[in-house]
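The following pair of complexes shares a single chain, chain A, combined with chain B in the former and chain C in the latter.
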Partner chain A sequence: MFITVSGEKKEVKDGLRLEELIEQENVQTPQYVTVSLNDEFIETQDRDKIVLKDGDTVEFLYFMGGGAWL
Partner chain B sequence: MITLKKSDYEKMLAHARAGLPAEACGLLAGTIENGDRIVRKVYLLTNTDHSNEHFTIDPKEHLTAIKDMRASGLVPLGNWHSHPESPSRPSEEDKRLAYDPHASYMILSLMDAEPVLNSFHIEDGTSTKEDLHITD
Partner chain C sequence: MALNDEQIERYSRHILLKEIGAKGQKKLLNAKVLIIGAGGLGCPVGLYLAAAGVGTIGVADADTVDLSNLQRQIAHSTADIGKPKVQSLKESMEAINSDVTVNTYEKFIDSSNIRALIRDYDFIVDGTDNFATKFLINDACVMEKKPFSHAGILRFQGQLMTYIPGQGPCYRCVFKDMPPKDAIPTCRQAGVIGAMAGVIGSLQAMETVKFITGTGKLLVGELLTYDGINQSFRKIKLPPCDGKCAICGEHPSITELKDYEQPACELKL
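What follows is the complex of A and B.
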């Protein structure tokens, strides 16, 4: 099946779970990456339960934040 | 080297001043040519912390901006935020939360009458000042 990952169309195996895709894509510090699936943000604990479907669109967004003093 | 247009700098400054007393934030997009990073678009986004000491870029706006960058043929270059009451250098928290080693991190200080903008590379908790040029 084909999915779109960070804007690129890719062929992946049927039944691929979102967590497996994160490993496959070598996402660095995945615990600090927000994942969206078809524009919906996915809770970290749900990544392993979600099975991707043909045509899905996945985005990985690094958390961007900080502080002034500490 | 990283280059920023003066007009984009002025947009960042206006957004930062409008957001006071909270920190303001946004994203940087552009092109990389012969290793030089050229900012071609700045995104003025929402600090969901609404704090003068912390910022978090709204993830929904972040996602929208990433799509806009792609549609415009630009690549993400990093982010920027303001320090309303502290210098233009990464705090320990800024360094700890800088998870993207490919990003430039610009910090706009408003602590003095004259604003100061610097750009940093942050990796493994260590920051290095980048050669920032503001052009007409």
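What follows is the complex of A and C.
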């Protein structure tokens, strides 16, 4: 199936869970990254339960300070 | 108040724009904007807003100019090292345009003074470098129903969004709460490309001018991200507040401001 991650369309295995995608994408400090699925924010504890579907759109929103912080 | 001849010439490129015109220029001259942080972001914001003729501009920062600031904080020069940043920025702004009044606040912004400070201004620009102050600005602006521009920069990345009371999600809707102390690598490991401050600060100035003049579409409900490595901009849609936000939700759990604990930065950036 195909999903869109950070604006890029990519093929992933069927039944991929959101948590697995986050690992696969090598998201740094994932517990401090806001994740949206189809324009809705997903609670951190729900990431493991959510099974992605064909056509889903996932965005990662990172904390950004002023150059002094990651 | 009519524009005088010098103002008509100075602001002619604004006046020519049908979206701004003389009417919009007068709005700018009557506007009051507060910039919190006179560093990487605050410098370009201050310079562009002064050049644009924003009549009253407040600048708040407790820091002094350091040699390592000069790589990106373009309103400060080598001769300003050791000088309060608010003073250095004010001098640069007034050198561009003596038409504007620059109020300086050489102090730390905290829960005891922020609400009274922002109350006097129409629009707030977050040019701070730490999450404690970013969350404080957000929470205070929600409480005082003040619009503000959030921005952050890191390495080759930048982001910004605009909060307008009642119109879209706030910073806390997106980022909930500060990351804990030891979760974050130290300043020494980070770094930022100097021009990133210029790109993102200029975009904050753009949002400010658009807000004051009522021009176009603001970044409400959207996070604009910029990737300098690939030279790409993206807008990420932000869902509206789900009503559960701790500050702008229906039953806010934050009812008064407090100072967040934030680890001190070991390396002065």
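Criterion: the second predicted complex is superposed on the first by the 63 of 70 C-alpha atoms of A that agree within 3 Å, B and C clash if a C-alpha of one lies under 4 Å from a C-alpha of the other, contacts with A are read in each partner's own complex, and residues count from 1 in each chain.
As a convention for this text, a contact is a pair of C-beta atoms (placed from the backbone, for glycine too) under 8 Å apart; a residue touches a chain by one contact, two chains touch by 3 or more.
Computed from a predicted model, the values in this text were never measured in an experiment.
Using the contact criterion defined above for the overlaid structures, shared-chain residue A:F63 touches chain B and also reaches chain C. When the two complexes are overlaid on their common chain A, residue A:G7 makes contact with chain B and with chain C alike.
Residue contacts after overlaying the shared chain place A:T29 against chain B and chain C alike. In the superposition on chain A, A:E40 makes contact with chain C only, not with chain B. Chain A uses residues 7, 29, 32, 34, 36, 39, 41, 59, 61-70 to touch chain B in one structure and chain C in the other.
Here chain A touches chain C in the complex through residues 6-7, 29, 31-32, 34, 36, 39-41, 59, 61-70, going by the rule given at the top. Across the complex, chain A is touched by residues 23, 25, 27, 49, 52-57, 59-60, 62-63, 66, 70, 79, 81, 83-86, 90-94, 97-101, 103 of chain B. Against chain A, the residues of chain C that register as touching in their complex are 37, 39-41, 72, 127-131, 134, 152-154, 157-159, 173-176, 179, 183-185, 187, 189-192, 196-197, 223, 234, 236-239, 242, 265, 269. Remark: chain A residues 7, 28-29, 32-34, 36, 39, 41, 59, 61-70 touch chain B in the complex.
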